[in-house]
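Labels for the chains are A, B, C and D, by order of writing; each one numbers its residues from 1.
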Amino acid sequence: MPDPSRLSRMDRSIITLLHGPDQPGIVARVAGWIHQHGGNVLHADQHLDRQENIFFQRVEWNPQISRDLRSEADAFSSFAHQDLGMNVRIALSEDRPKIALMVSRADHCFHDLVLRVRSGEWNATITGILSNHHEMRSASEGYGLDYLYLPVTQDSKKAVEEEQLAWLKSQGVELVILARYMQVLSSDFLDRVGCPVINIHHSFLPSFAGAKPYHQAYRRGVKLIGATAHYVTEDLDEGPIIEQDVTRVSHRHGPGELIEKGRDLEKLVLSRAVRRHLQNRVLDYGNKTVVFD
Amino acid sequence: MPDPSRLSRMDRSIITLLHGPDQPGIVARVAGWIHQHGGNVLHADQHLDRQENIFFQRVEWNPQISRDLRSEADAFSSFAHQDLGMNVRIALSEDRPKIALMVSRADHCFHDLVLRVRSGEWNATITGILSNHHEMRSASEGYGLDYLYLPVTQDSKKAVEEEQLAWLKSQGVELVILARYMQVLSSDFLDRVGCPVINIHHSFLPSFAGAKPYHQAYRRGVKLIGATAHYVTEDLDEGPIIEQDVTRVSHRHGPGELIEKGRDLEKLVLSRAVRRHLQNRVLDYGNKTVVFD
Amino acid sequence: MPDPSRLSRMDRSIITLLHGPDQPGIVARVAGWIHQHGGNVLHADQHLDRQENIFFQRVEWNPQISRDLRSEADAFSSFAHQDLGMNVRIALSEDRPKIALMVSRADHCFHDLVLRVRSGEWNATITGILSNHHEMRSASEGYGLDYLYLPVTQDSKKAVEEEQLAWLKSQGVELVILARYMQVLSSDFLDRVGCPVINIHHSFLPSFAGAKPYHQAYRRGVKLIGATAHYVTEDLDEGPIIEQDVTRVSHRHGPGELIEKGRDLEKLVLSRAVRRHLQNRVLDYGNKTVVFD
Amino acid sequence: MPDPSRLSRMDRSIITLLHGPDQPGIVARVAGWIHQHGGNVLHADQHLDRQENIFFQRVEWNPQISRDLRSEADAFSSFAHQDLGMNVRIALSEDRPKIALMVSRADHCFHDLVLRVRSGEWNATITGILSNHHEMRSASEGYGLDYLYLPVTQDSKKAVEEEQLAWLKSQGVELVILARYMQVLSSDFLDRVGCPVINIHHSFLPSFAGAKPYHQAYRRGVKLIGATAHYVTEDLDEGPIIEQDVTRVSHRHGPGELIEKGRDLEKLVLSRAVRRHLQNRVLDYGNKTVVFD
């Protein structure tokens, strides 16, 4: 039976994600710092990419009860950066990151994500919906969410992206989710958005990258179809993979049924990727990820 | 409780695989023929490819107890071909197809397949092992299997294939399994082999077709690796897929561990494909298959 | 390329589910009847339980274009019942069965099912929501659905069930889905409801039947958790299983995380079971099902 | 590119598994000890059972190149036990644990395990086969393995177990695997065997514990069958679960086909459990396990 004071400590924890060149003693020095500051490690997970010699670590700890969470986090951050030479990301248990969804016409991922946030499953808020179509306006408003409708043409694309960026900045958005958004974001948008962008690709990448993957899968006669959630980078469909899954199909399933089965898979895979991202379990480097489960 | 006469009938059944242009009444005419000849349908499964308008059917039935299995099968075959315009394949429950394995150095699929046949899991016999390496000779001989060792060089390839073809013909081989055989078979070989050839590709096709797929998968940072069993055609890695499966991996798994996990997957996927083929459940057309489970 | 007249025929099909004592020639006679009436079989699937000697068949066909769907279905029904001695169920492609959901407090299956019907994924309508709690009233009304709120106590249970039955009859409900309804339905209710009732059990039955299955699973230290959708019978948690699935867990997952992972599984498994039921692919007999995929 | 001296260090590592009452600073002290002794942590994984307040850790490290592996391991062991109050298990990278297999008549797991050891997949040796039947004698001898054949009757059981124990002790066996051994081991045997015993249960426990699980599964009409590998304790089928998996089945599969599908599952699940055990990734406590993947 955990004692109550312990439980209340658990309510306020700091999570850090570190990565950088490996060197002897990092684990000891991180653990030592926390211990010396009166903290208690709840979880620690680490990984060494031996080919690249990069060290990765996720540590979650309760600071001493008298400490201010934010300043303790800042102190650790300085230490890890300056003394250990690590790249540092920090999150507090009380953080509730702001999410924006970008959608087009397909609404299954949209409903799934909004309902998860509304039910309190994730510690996050949705600030609004950006769309190049008007189909989800009324559902969005039914959920009490702002809806920024900006149709995209070849000519308007640059201006639309400016408007989207301005809106995302003004809202302080910390995560953009492409919930079946059917426009390619420009390199300029990605350079300037200033937060991670997660996409669901309706395919088991690298198979069937590109358009109409379920039709491609049908023509190839595959026995499994898949979906892939990844961070968006300038290389279309080549960003670091966060999560993938597959479902079994047979000759009985036409393209329409593949699409229907694919929808369930897309919802599941995207939601798992977002959950892990929100739990600060995902580190991306190069074109890969480390996901601490 | 099935009565014994019924059970003994079941021991002797005919299985047919039909495919051809769809037309009204095929199902009725096939079932009618069997019924009029005193047969009893055990299983019937069918499929219509609506895009191509091709009809597929697998029917297994007990002929009347007084009939000779082979002549009844021939009679049905004539009917289905001439009256219905179907392509017909026929197998008898008493058939024990002859299999040849082609192997190189990796022995996990080799042992797995041989042990399945030896344990009586499949109704088949193995006539021998063909290899371009000598590594599996002693294991093959331990199993009491002939071992045709023919090393392949760029210069010798044509002559080796002639020798392999001659051996396969002389043995009356009805199925060739490439159990991690690391040579590409020539179009000429495939044209002349006269029986199906099943290959296990150590990848989830069409991802990572080609060499060193687990290294490719590692570099891409995928979260699932797969294996694909397919009939071999002249388009390398593009033949009709019979079976695929995947297994979950993470950043913790280096190329060596992907290879190790891949071995288990390759064994499983290849054995499932061979089982279905031997049960006469697989029809290939174009570059796809219909697998009647 | 299918010709348009063919496609329009496909829009209007009849689906029948037959089961009864096996006898020679059933397949031929069913196919023959359809062919003689100018129909065209789209799908046919059959199964023989050899231990019980029961024959099962699902046939979907396009009747001749001039025929009335309903009267053709009735004619077939008489034939199959009287001439073949089969139990017969018939559905028309134009049917849109009426569904009622029964819910308590957990809303994940509720939203999932309602959104599938609203998106047109299934050919069905939801007539309303029955609940022993008030939590889902506003969401139901947001979806434009009637909400029959009837709290249940030991004393009121009998009267509540009368009221529920009266409502279900008055609405002509053809399928009841227990979407995490936490009351046990009485035998009397099940005798009189007059339509199938599908339940989602938040466990991999027969493991952990009964209360708090995720806590049971946690204490037992299982490595997989499951969910089971089944028809409801008087034997609690013992009705015929329609669909099951599992998800991997580890020592890292406490009861709360098992519940969270379980929710995704419950949604998926229940929706797959309902889809198959609505596609008239499920036959139940004894305490088992035949599911024609 | 790792430098060669680094690689050679990696060849000689120490792995420790710790568990005991949680206390602040354990992680720091373990990491600190290793760092102070010039070691380099390769992997560290930990877990806190918050309900029981038990801390678990697996650490693998390279000691300083000049140190003797065994004495460094002993020094760490003393530290962890005396200073941290932990239960300690230690393994060296050069260890090759001795395994004994106990078998009855089914040989699929037997061949699978022997072939894995022979191929060098696992760092272990097989000292011999114990059986209450004679069926696997010739295969064992073909593999060059001793075969201790001791038929068991109700009367002889006690004496046979004595003989088995004596043999296991004389061989210095460090792991016993029940590869479908169909006798229940007595409490006395388990008390005295002095090493872990892993069993494969041909079922998804806790479903269908006991005899003929595939027949039970068939009668219940389940849609998935499973297999469970667990440490053997005095409570039959209730020992700590190491690994479980399932495979999909349908109404088409009779008991015989469930058994056939089950065999593939049993091989896979047992081999995964043994692999993790041999990699020193499994800690059991109470009736559960922590498996560090």
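Here, contacts are C-beta pairs under 8 Å (C-beta built on N, C-alpha and C of every residue); 3 or more make two chains touch, one makes a residue touch a chain.
The model shown is predicted, which means the values in this text are computed figures rather than measured ones.
Q: Considering chain C as a copy of chain D, what rotation angle in degrees (nearest 5) results from a C-alpha superposition of the former onto the latter?
A: In degrees, rounded to 5: 180.
Q: From the centre of chain B, which other chain's Cα mean sits the farthest off?
A: Between chain B and the rest, the longest centre separation is with A.
Q: How many angstrom between the C-alpha centroids of chain D and chain C?
A: The separation of the two C-alpha centroids amounts to 42 Å.
Q: So how far apart, in whole Å, are chain B and chain C when each is placed at the average of its C-alpha atoms?
A: 36
Q: Check each residue of chain D and list the ones that touch at least two other chains.
A: In chain D, residues 50-51, 250, 252, 293 touch at least two other chains, as defined above.
Q: Which bits of chain D are touching chain C when the two form their complex?
A: It comes out as residues 47, 49-51, 204-208, 220-224, 226, 240-246, 250-252, 254, 287-291, 293.
Q: Write out the stretch or stretches of chain A touching chain C in their complex.
A: Residues 107-108, 111, 115, 119, 121, 142, 250, 252, 260, 264, 268, 271, 293 of chain A touch chain C in their complex.
Q: In the complex of these two chains, what residues of chain B are touching chain C?
A: Contact set of chain B toward chain C: 1-2, 24-25, 27-29, 31-32, 34-35, 40-46, 48, 50-51, 53, 248.
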